[in-house]
Structure formats: structure tokens, C-alpha cells
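The next part holds the structures, each set out as C-alpha cells.
Here come two complexes built around chain A, the first alongside chain B, the second alongside chain C.
Entry: the complex of A and B
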């Protein structure tokens, strides 16, 4: 049967009459609040406040309550002494790999697979990632995240990205693995490359943040400041150097609404499950490989080789070379190792910043490889240059300020 | 015509001024103008950049939002600004209370127990309080504005 054009339009009208109701639009308080949170004058203080709440809840829950309140006591008071008492032969290689240093009083100092490895993954990183994803999901589902994307759009355009780049940037503070995957929301190859490189370089993951909070709480602000400055400077440079387009985006901003708890629970479970499956095995595997490399003398050999660069160019003590090399496998453990080395404030800040901007961890490396090997190689090339230059700049600033 | 100044405008204006003053005090104490401030049950320790400088900036913005919205406060646009200012105070006070709650649940580091005693937990909520926590009950008047707007919207 062939239907004429007029008949079709009549059908459309008939369906519309039955399904669509018309009324007058009336602005509500929610609409006004929605508008105020995207206007820069009012929106920026709200964004600053949202980040404050994000960070405050993160540190109170993950740091004070779960890790310091319960996990440290559980692992250092019960788990470590029990393992040290039952594991045979403290001088053996298997003791070194699985339990670590026999004289250690805390799981941070032990560096064994079943001591530091389990403590970091379950005691530090898991609560941090859990509360991070919970807040991230609430921001997303309440309708604030698209507004933040609109607000950040003009700023991020200056570094070749657009507003939605805020999503992988914030996700990266939880774990760089889903953040690298989230770069797919960016339109062009140029944007994805810039974001991926900046993620690998300047966004510390939840594991690193958790460890930083535990071992150097007073210096986290300074370290973060160094990273934010680096993010902006090198983003700007990459935008100028890399050819490609930086198109505008059209964002559909939904009205504010209360998140539906079933959806929040489902998203939270999926993200935490993904983290447990993809990242936790890498923590344990990372500790295993680092310990094997230490046992085989590989890290010591590399440390001897690279010592002049680290000591002269970056201004950090030679003892940091081992942890900095091991950072490729586990950045969080590298920071924990750094915390046991006696250093000045400058040296601590510089070495922690170096660990962060250093090579991406193995898990991120694998996901970046999945996004394309050419992009990965280019990102690594950029990374080496940036580490060398930025590490040198931090050292130079330290010398100028008289602290290095 | 909407009245420009009403009792609720005056209340919001005063609340905005006090919030702004507390925000600036947080920043000044952190900057070292005073080594730490305690007046009655209010305490500004000023020992931490994140809580006092960053949090103080948010409090100051909250005060400014309330002040900018205090005239013709029952109009939609103006009440939006006031509600936003109130929300920022709730956010700072809420995170302060959440921090006390998280610190109060586990037992002390030296104690062999995992959980704090009830008396120990409650002792954590004893004064002094941060300025945002003290302001919290006074900002609840803003809920009246939200109720008025909700009634208008429905």
C-alpha cells in the first residue's frame, strides 16, 4: 500500500494530538540554580566548592576512617605480625618476595607481595577508589557534571580540548585505566592524544593520592600545585605543536535532579568491579616484579646507570633512583618507598612529582596500547621530553628559591 | 509590586555579612594575621590551607551570594542566589561534620580496640566548632525560601 504525503502528515497530526500536551513554560528554582552554576561569576565558586567537598569527603572517608582508622590497625597489628611469625626462613628469597623486610613494623615498610601489595590494594586504594566513584556518580547523575563541562569549556579549549575533557581528567584522579578509555568521548585524534598524554603525565591516580595522603599529608597541596601548573603549560604547548582540529561541542544539559539510588549503586558496583578486576592484580603483580628485579640486581644496575641524571639534573638523592625506576610498575608503592628515604622538603616534593609525571603505570600502559600503538609511542616520546624538562625546571625553581 | 526590603531580606543580608566576615577571617587566620582564633564556641585554627584558605574562600563567596540576593529576595532570580549561598555554607558545614564523624568512629591509634566507645564518639562533637557549623542552624531559614518557591512552582 502506498501512502501519500498528505496522508502521512495527517497520521503524524493524529498521533501528535493523542500523545503531546502543550503548556506554558514556567521557570523554577531548579532552573535558576542550573543557570547560576554555568555562569562563570557564580559557577566558578560553585565548582571550587564542589571540588572542596569532593576532596574533603575523599580524605575523611578513605584516609581518616577506613585506612587510618581500621586498615592500618588490621594490617600492621594483626596481619603483618602473623605472616612474619608463620612464614618460614626470613632470609629466603620467597620470604623477601611475599613478606618482604623481616624487620619491618608496618606494611608500608615491608614491601612484600602479601604485605605491602595487599595493604595498598585493599587497605588504601580500594576505599579511595570506592568513595571517589561514589561521588563521581552522584555528580554525574545529579546533572552537575555536564554543567562543569560547559563551565570548563573555554578554559580547556586553550589547551586543545573541550569541556567534556573534564570527565577523563576527574576519572583519572580515581584510576587512569578507565580515564584513558574515557578519552574516546573526545572528537579528534589530536584531542585524544593530548588528553591521554596529560593523563599519563599530570593526573595522579587514587592509589597515588591515597599513599600521598598517608605518608606526606602536608605536601600533597604543593605536589598538586606543581602538577596543575604542568598540566596547563604542557597542554598549551601540545595544542600549539600537534596538528589537528579542536572542534566546538554542543552539550545537552539536563535539569538538576536527585540521583536514583538504584542507578548509583549499579554504576558504583560496575566501576569498582572494573577496578578490582583490572587494577588490583596489577598492584600484586607489580610488587612481585619489583621484588624480582631487586633480587636480580636489575634495579640497582639501572640506578647506578641513571644516578648522574637524577642527582645532577633533578636534584634528588641517589637512593630515590630505585623507587623512581620501580614506579613504572607501581607508582603508589614507589611513593611509599620514597617516604622511607631521608630527604629535604624540596627533594620529597620533586621526587613525588617525578614519580607522578614519570612513565605511566603498567595498567595504564596496557590500556593506552589498546587505544593504538602509534599513539602510545608518541605519548611516551612526549613523556620523556616533558619529564626531563619539567624535572629540570622544578630543580631550577628550587635552586632559585634556595631550597634545592 | 515586589517589596525591595522585607524582614527576610534584612535577615539574609545580616547572614550574608556574617558569612562573608567568617570566610575572610578563615583566610586571614590561615595567612598568619592571627595565630588562631577562638571566640566562645567558635574556633578558627587556620592550620591547614585546604580547610581554612580554600574553605574560607568558599564561605566568603557564600556570603557574597547571599548579599547579592538579599534585596527582593522572594523573586525567583534573587532567591536562587540566596539558596546557592546557603548551599555553599551547608557544604562546608556538612564536610566539617562528616570529618568529625569519620574521626570519631574508629578507636584511638594506641587503643587495641577497633571502634571508639560511645562516650568517646560523642566527645568528638563537643565545642569548639568551625564558623560554618555555627552558621548552619541560622542558614536553615533559607529553607523557607525554597518552600515558598516550591509552592509557587507547583
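Entry: the complex of A and C
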């Protein structure tokens, strides 16, 4: 038996009347906070404070405390010298692949599987993603995310999205892979396409943020600024160019509640485990591939071929071609590799931004493919155009400021 | 439990968990299966389905955590997944999950599912939050009106989850005409409850 939607609502009313009673309800602290955090006047300062707190805990705990205070000392002080002393024959190909540069003083410079590979994944990125996921879980479980979505709504509408797009954007700062699937909560094809493309282009993942904090702590701010500006500019352009609708959305804002301890622990464990199982082997594999390509002369060949584009158009040294190849496998690895190339401040910023936007990592690529190959191809076409244009813009700005 | 339904296939029963976003389907799912579906406090956490199994009374159930949806007319890709699941599993039992603080909102999709003639069971979740908000849900009355088993649960603490698992076996195909009559008080409320006697206390 099928009934009309009006008849259904009538029945819903009748059932509710006969089964639910409402007592007198006293407003709680949670409700008051709930109101204060969605009203723009009070909500925006709270949002800024929350995101700032997020960022400073992230940098101070992961970057300063764990990585610099412990991991760097462990890896550069003990692990690297020990490997260099026991591994036979520094001139051999296996030394090059596993240990790397025999003259290196730090695990970044060495670039072997067991030196840079382990240091980047365990020493730098693991603490970063752990802290990031802990804070993200608290944001998710407390009920703050949908409120942030309400606050961001009017801003995001200008770039063809609505407030709820903040959810995939924030998930993407952890890892782009679940973020791509999370774009399913957006309603129209246009919104999903814009969000997916902007994710692949401008949202750095937690691993990448972690490594940036470690190798270029003073420049992370500038890099992030370039990415945010790019996000807004190209979101605006895509909104104008792509046909389709961007309807208003009704967001169901749940009440705040304290995150359940066991859920937080479970989620944190699963995400960290996922990182250990999937990302760490990939970083090691990435080092292997890049080293093999160096040994085979492929990277030097590509670097010579692409030199005009890189040097003239983007204003970065041709050596950055190698990290761009690694970036397809793991972005964190690529940035670690970039940090060992001697560059000016401008070149460092430009090349890190390029690594971020030029192509999604292979894992993101695969989930995007799963969401639809037509969209993926379109996204990649957009991506190449954007990389070319934005890389040029950054270079032009650099020239105008007199730094490039 | 000692006996399963006679018409169940050997391989077990598929149970689809359906309901509005953010009513705690994934949390209930994790409680029942011990699985690790991601649980958060915002609508739209689950955008793909997760499958799990549990054994109750010697019977194996395959239970599917389906993305939340407000109705069976999907408005985004996650809701499409839910509607597709329902279409692709016509023999499944549907476990409709309601938020005890917003019963009315979840009843719309409940009726939509019931119209499809699939066996249903209703879980009224977030009883703790309803209690805090001084909202009382008359579970027995809801069960009598709907003519399907209704179980109150609190997924975060695990309360009622055991009963819910036991009651899946008693899932019923609801009769909308019967519901309408009982709402008007035309029919003795217990009459149309065939298989479970309608004592309201099961």
C-alpha cells in the first residue's frame, strides 16, 4: 500500500501525538553554547579561536615536542650513523637504495629507504597525523563541525559550494581519501565536482602538513596562504564556468555532547593503524621507486626535458622534477626531498605549493576514479590548467615583490 | 532464543539499518557486530555502507549500516546509496532507527519503508538524550500502533542492544491500513498483530 506524502505526514503527526510527551525542558549549558557558536557575531571569533588552538596544538606537540625533541635526535644521532657504519660498500647500488647518500648528516639528506623512508613516515608524519586525528575526532564527535558548516555557508556559496562542504575540506586536511568519499553529502554534481577538484588541488593532507612543519616551519604560513587564496580564486572561477545548481541546504545541527572516550580511542586507533598499514609501506616504496629512477637516469632526463617550464615559467630549479614524481606516490616524501635541494625562499614556497597542487597522490587518484571516471578526467584536465596558471601567477607575484 | 523463523534461508538474514542521518545507526551497528564503522556527531558521517555479521540464537545475521536518509527520494549521493541498498535487497529485514528526541522526523521514512512491504523492526535510539530533554516515548504504544517490534536503545552505553538483536527475529510486515485504523481508534489495537500476539511486552 502506497500513500501520498501528505497522508504520510498526517499519520506521522497522529502517531507522534499518541506516543510522545514533552516535559518542561530547562535550557542547558550545551544549548547556550550551541546558540553562541552558530550566531555569526559570537560564532566567528569562536571558530577562529578553535582553529587557531587546533593549529597550535598540532604544531607544538607533533612538530616541536615529538619530532624535533625526540625523533630527530634518535634518527640523526643514532640510527643514521649506525646504518652508515654497518652497511657494506657505500658505492654500491643497494647502499644507494637502502641507506642513500653516504656523506649525509641527516635522515632527510640521505634519502635511502631505511633512512629517509623510515624517518619521514615514523619520525615526522606519524606523530603529526596522530595529533591531527585526535583533534579532528574531537571536532567531529562534539558536534562542532555542522556548526562550522552553518557559519561558513555564505562564504562558501560564493565559490559554488555550501557550508557543508567544510566537512570534506576538514576531513581532507587529515587525508584526502575519505574526504573524496565524503563529497557524497553534497547535493548536486556541480558541487561534488567543484569540491573534489578543489580538494585534489588545494587541500594538503595531514602527512604533508606534518612534514612541512618539520622542514620549513617558518614558511608553512606562506604556503597555506597561497593554497587558501588558490582555493578561493579557482572555486570562484569553477562556480562561474561549470553549469549546474548550488541549492541552499538545510543542515541538521545536532546538540553538543562530550565525545565518548571509547569512540575517540577506537577511531584514533583505527586511523593510526590505517596510516601504519597503508602509508608507511607506501613511503618506503616511494623512496625505492625514486631511487631506481635516479639510478636509471630517468629523473635526470625528465628534468632536462622539463627545464624550460620549470625554470622559466614557475621559476624553480629543474631538480624539483624528482620530488614531483615522488609526489604522485606520497606528498610528504616529495616535500622531504624538496627540503634537501638548495633553494631561495621564493623557490621553496613555489615548489612546495606546486607539489601540493600538481596532482593528487595515487591513493586519492584511486578513490576519485571509484567516484566516476568522467569526473576524474575532467578534474585532471582542470588540474593541469590550474597548475600551469597558478604556478605562473605565483611566479609573477614573486617577480613583482622582487623575491623571485 | 531457541528457534528461528521457518522461512529463513540457510545463509542467514540480511538486516538493513535505515534512518535519518545522525541518529546513531553506526554506533548501534558497532555495538551489535563489534565492527569499526566510523561514528561522529554530525549528519552525513556514513556515506557508504558497511557490512557486519552477528549471531543471535544460533542464527547468523548479516547487518548493513546504510547511510542516513531523510526520505526515499534521495537528495544526494549518500542517500542514493541507501535507496539503492533497499532496492537491491528486497528480501531483507529493515531495522529502522529513530532518534528518541525527534521521533516525528524519523517516522516519515519509517512509513515509506513500511509501504514497501518489507519486514520491519524499529529501534528508538538515543533514549538517554530524550531522558535529559524530558521527552518520553511510549514504546509499548508505538509498538501497538505500528504493529512491528519497537525496542528502546542507547547505543553509546549499549542499553537495549541485546534486546534489539533478539527481537530482529520477530520483525513484521506492517499494514498501513491497520495503522490508520488503530490511530483513529477504530480497531482494537492488538488485533492485527498476528505473529507476536501483540502483548506489547515482548
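By our rule, the second predicted complex is superposed on the first by the 377 of 404 C-alpha atoms of A that agree within 3 Å, B and C clash if a C-alpha of one lies under 4 Å from a C-alpha of the other, contacts with A are read in each partner's own complex, and residues count from 1 in each chain.
Everything below uses one rule, namely that a contact is a pair of C-beta atoms (placed from the backbone, for glycine too) under 8 Å apart; a residue touches a chain by one contact, two chains touch by 3 or more.
All figures in this text were calculated on a predicted structure; none of them were measured in a lab.
Considering which of chain B and chain C touches more of chain A, the answer is C.
Contact with neither chain B nor chain C is seen for A:400 once the two complexes are overlaid on the shared chain. By the touch criterion defined above, A:52 lies against chain B but remains apart from chain C after alignment on the C-alpha atoms of chain A. When the shared chain is aligned, no partner comes close enough to touch A:86: not chain B, not chain C. Residue contacts after overlaying the shared chain place A:186 against chain C, while chain B stays out of touching range. Shared-chain residue A:18: touches chain C; no touch with chain B.
Of the two partner chains placed around the shared chain by superposition, neither chain B nor chain C is touched by A:103. Looking at the shared chain after the overlay, A:64 reaches chain B, while chain C stays out of its contact range. With the contact threshold set out at the top, residues 28 of chain A are in contact with chain B in one structure and with chain C in the other. Contacts from chain A toward chain C in the complex involve residues 1-3, 8-9, 11-16, 18-25, 28, 137, 140-143, 145-146, 164, 167, 181-187, 192, 251-252, 254-257, 259-260, 263, 266-267, 270. On chain C, the positions that touch chain A within their shared complex are 20-22, 27, 36, 38-45, 47-48, 67, 75-78, 81, 103-104, 107-108, 111-112, 115, 129, 132-138, 141-142, 145-146, 156, 175-177, 179-180, 183.
Residues of chain A touching chain B in their complex: 26-29, 32-33, 35-37, 42, 45-46, 48-49, 52-53, 55-57, 60-61, 64-65, 68-70, 72-74, 77, 221. Listing the residues of chain B that touch chain A in their complex gives 49-51, 54-55, 57-58, 61, 65, 76-77, 79-81, 83-84, 88, 91-92, 94-95, 98-99, 101-103, 105-106, 109, 112, 114, 146, 149-150, 153.
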